[in-house]
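Down below are the structures I want you to see.
Here come two complexes built around chain A, the first alongside chain B, the second alongside chain C.
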Partner chain A sequence: MTLFQFYFAEFSAIYILLAWAVYLTFRINQLYLGPLYSMCLGAYFGAYAALNWGWPFWLIFIGAVGLSLLFSLIPSFRFARLGAFAIVIATMALLFMVQTVIRNWEALGGARGLFNIPHIPRQIWLGVTYGFVLIIGFCVYRLDHSHIGRAMDAVHFDRDVAATLGIDVSRLSIQLQLFSSVIGGIAGVLYVFTLGSVFPDAFGFFLLMYVITIVVFGGMYTMWGIIIASPVLWGVGQFLPAGLVGFSVIVFNVLLIGVLLIRPSGMINRKSVRAITNGCKDLLQRFTDFHK
Partner chain B sequence: MQAFISQLICGIELGSIYAVVVIGYNLLVLVTSILHWGYAHLLVLSMYVAWLVFGVTNNSLALGVSAAIVFGIMASTAIAPLFLPFIRRGAHLEGFVISAGIASIIVEIQSHWINYGLAIAFPPALLMGDTTIRFGMSTISAGRLLTLFVSIILMLAFFYFLNRSKQGRMLRAVAQDSVVARILGISVPKMSILSFALSGLLAGITAICLAVALGTAGPSLGDQLAIKCLSVLILASVGNLKGGLVCAIILGVLDSMIMGYLPGDWANTSALLVIVGVLMFKPEGLFGAKN
Partner chain C sequence: MRGRMYKTIYCALGVLIILTLPINGLAQPKPVVKEWRIPTLIFLSGPFAGHGVAIKWVIEEVAAEINASGGIAGKPIVNDFMDSAMDPTKAAACMSRAIDGGALCVIGPPTELECKGSLPLAKQEGIFAFSAMGTETTTPEFAPWTIYVGRGTADRVKATIPMWVGVEPDIKMVAGFVFTVFDAWIREWQGHEKTAAGLGIKSGGKIDVSPGMVDYGPLVVKALNTGANAFILITTEEINAKLVKELVNRGSAPSHIWIQSGGMGTSFMSQTKGINEGIYSNESLTYEYTSRWAKLNSSYAKSHGGLPLVGTAYAFADMMYMIKAAIEHEAITGDPAKLKEERKRISDYAFNQKGFKGVKFTYDVVNGVARGVPVPLFQIRENKGALVSERVP
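The block that comes next holds the complex of A and B.
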């Protein structure tokens, strides 16, 4: 396996996790960017713990999860009641604040970042990463297809009507925000051990727009589109011909604007998922009927 | 004490810059309910256009200024149709995401194709030859004082337009209730495009003010202005014009105090702290009503 293939597989998985985290809260009309600053915190915690304390990576995961929960808990109490728009501004501000604090903190490497984080053998790390993708994917799937998922749909449709139906919107919002942040923290640790280094500028506006593009392009109301959108969008940056590489940011943004204008619910929406599942069921039915 | 007064004056100068830019944001938010993140970037692009025209026409002030204004109006009006579906649906979040996409495209253009991504400098003739006004031991640059006056004049002109003209009344009607405005025969898409065109005009004029006040511009100026103006808007309650002016000055002073007294690179911290603090504890802003 070449280094390029390893990075492609790893970063696709990391962005899938981040996009799922953002997707969960986006389902209730809150574009919560907590997973992004949790990713930053998780990555820096992982780097610092590995370099200075020699922690093994499984302990670092636990630490990163705890740190993400700690930093998301108090803001989430206040953010739960905010409208869609205010949350994206507030969490974007928190993301930039985390970036600024790290840039000024010499112990964390300042603007240069931290380097020489111990590498883990590629096969093991790919296994760990995709293990997390499967576990978290399973959790997101079960969440979507449970009474909580139906509550999320109700809140998305109309917050007040959902409240009259007995759904505690604030509590749902807090729970989803915390879960999102945990996923972000895990993605951060995966990121730092894949790359072997971390620097504050990686967690800025570009990451924000990139994750939002994946969610919007893949499909805002279903988890499956993100699995396809993440490698495709990562691939755009990698597989563009040499002359067009400078245009990759513009291509992303044009895709984002285009999808929002032409197909607002994303490339794969619920109707597509239902059509594909029904199509597969039909095929299976015909196959079993044929063999009877 | 002298240092404090100097920082205070510097803060008022900074605040006047934010005040002038915030007027455009407020106009768009009032009429279309969309916070146009890319407005500051469009403004900076107008500054770049003025710079390009200065370079080509041997520093002709009239041509440069009119180029900035014309470009502002044209670019803003060209972008307006992208937002119309979201204005119609009331999809403010998607509108914001689109404006962020446009902002990223503008920053990318500035970072790669104009002046090799380096900062641009405006001709000294525009900067009024570095005239400064002495104020005890401190000095205020004439350019920044001009910006403060222009922001007040623009606000007054804007108030007059909104309250005394027919188009202004129609804009206010759309801002208050777009459904009823439609029933009364006001075309909401036309008013939205008018508001974008007006904001483009404001962007062009503000671009010249900023060119005089700052003297330089770079690809990162759009992001910095956007985040500062966002914090002003949130502090003042989005859409509040008078509050915007007051809060811009407050934030400018806070900014300059932090830059003056805290070591390190804490450039945007005041704006970010204000945003998070206000949204966590008083989401309707200082001048807003709880709804």
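The block that comes next holds the complex of A and C.
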């Protein structure tokens, strides 16, 4: 495997995780940006623990998850009641607060950041990353297809109607926020060990717009589009011919606008998923019949 | 007779040895490559793509000049441009592609964010990144695999206020307008404030500037209310232009305004034409540092409707000349079997140099950082930057 293939696979996976984290709360009409500051916390925790305490990465993951949960728990009680616009502002403010604190904290490298993060062999790290993608993907899938997923659909349709049907919307929101934050924390650790460095500017406005774009482009109501959107959008600048490299922003935005005009719910919506699933079942049935 | 025979044989042997000396290992090894392909990581997309494109132009011009005069060790240089997009993850991906391609060294990436993302990989794989301007505070972290040739912020802040106050002695209190998105700019203001305090000049404090404001008047009023009679502007060109208009309209003398180099450009000059006479800066778009720089600048202006080159572009011209010097001095062959060793030799050469004659300045490189780059003070006179004073740290 070449270095480029490794980095492409790694960053695609990290963006998939982040986009899933944002997608979960987006399902109940809350654009919760907690995964981003959890990613920042997870990354810094991972870097600091590896550099100063010599922790192995499995312990760092546990620590990052704990830190993300702790940091997200108290605000989640208040955020649960916020509307779509208010939660964006509140979580964006928290993100910038975390950035500012880190910038002014010399023990965490301040504005410079932390470097010389211990290197983990690439094959192992890729396995760990995609292991998390599979586990978290499975959890998101099970969530989507459980009573919680149906509750999320009801809240998405109408929050008040969902409440009258007995759905505890606040509790649902808190649970999803915490799960999203956990995913963010894990993504942070994966990020820092992939890149080998961490610095506050990496978790700013560009990252949050990028992750939101992946969710919107991939599909806002199903988890599958994100798996395709992440490598496609991240790869736009990497695979364009040399002469068109300067136009990558235009290509990126044309793709986004095109999807929004043609399929406003995203590249892959539930209808597409059903069609693909039925098609696969059909194929499998024909294959089985043929071999009988 | 026998003696004469032996004498003849010995003479013939001697001549043979002399003739074959070049083959006896005392000659320089020749390059095995047909051309020197140098991956060049530049931001060619995003909000500052204009700067990246200008840097690309300079690199291409210098490459053409080098190739026209025989190339590097007789082989042409070719730059493989990659878009790092001011994104640390994309910069890391570009660096990985460069390493996969068996590059001897890379040029760039140019910004701090991109360097922080990609240089850990460069250090790990042992490839020298001629990043030029992106590692002011982080060169030691990536040593000895990178280089910084800009004017250090520390050098700039130590020299600027003393020179400015030297020509404008009635400056009593200075306030700063700072675009707080970039930490380096916040640090720069803090440095100026400290230097001013050392000279007995009071501080009116930092006024945080955000982009996209409709009206900068309230910020200017806030600054004037501090009692400051001099202002340091560390923001973008567009914001600087608006601030200058507000300051001058409210009675501030242009000579009591200093603009940081990042906010001094053609857009600022054209928007403040008529009111910018007397403003100070540490950058001039028109000053002829050297004939080489003047030639590059005028060539760019001819092909870009009169626009001057961005101030930092010189550093990338220097990187190209440095690569030429490194390859020729170290007799690099480009042999894939010696890749690791030759990458190290390039690093050893570039990381410490004496008296490098750059396009704008001549300087030493000590542990990857340029020393002796002068800090100038320019004043805008008739819409051009004139050199008023200069200090070499």
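The rule we apply is simple: the second predicted complex is superposed on the first by the 270 of 292 C-alpha atoms of A that agree within 3 Å, B and C clash if a C-alpha of one lies under 4 Å from a C-alpha of the other, contacts with A are read in each partner's own complex, and residues count from 1 in each chain.
By definition in this document, a residue touches a chain if its C-beta (ideal position, glycine included) is under 8 Å from a C-beta of that chain, and two chains touch if they have at least 3 such contacts.
A quick note: this is a predicted structure, and the numbers were derived from the prediction, not measured.
Once the two complexes are laid over each other on the shared chain, residue contacts for A:151 go to neither chain B nor chain C.
In the superposed model, A:103 makes contact with both chain B and chain C. By the touch criterion defined above, A:82 reaches chain B but does not reach chain C. With both structures placed on the common chain, the touch criterion links A:31 to chain B but leaves chain C unconnected. Look at A:246: by the touch rule set out above, it reaches both chain B and chain C.
Once the two complexes are laid over each other on the shared chain, residue contacts for A:11 go to chain C alone; chain B is not touched. Once the two complexes are laid over each other on the shared chain, residue contacts for A:128 go to neither chain B nor chain C.
Contacts of A:93 after superposition: chain B is touched, whereas chain C is not reached.
Shared contact residues of chain A with chain B and chain C: 103, 111, 246, 249. Only residues 35, 82, 85-86, 91-94, 96-98, 100-102, 104-105, 108-109, 112, 223, 227, 230-231, 234, 264-269, 271-273, 275-276, 279-281, 283 of chain B touch chain A when the two sit together in their complex. Put simply, chain A touches chain B in their complex at residues 29, 31, 75, 78-79, 81-82, 84-86, 88-90, 93-94, 96-97, 100, 103-104, 111, 205, 209, 212, 216, 246, 249-250, 252-254, 256-257, 260-261, 264.
Every residue of chain C that touches chain A in the complex is listed here, in rising order: 44-46, 49, 53, 80-83, 85, 87-90, 92-94, 96-97, 99-100, 112-113, 116-117, 119-121, 124-125, 137-138, 141-142, 183-184, 186-187. The part of chain A that touches chain C in the complex is made up of residues 2-4, 6-8, 11, 103, 111-113, 115-117, 119, 194-197, 199-202, 206, 234, 237-238, 242, 245-249.
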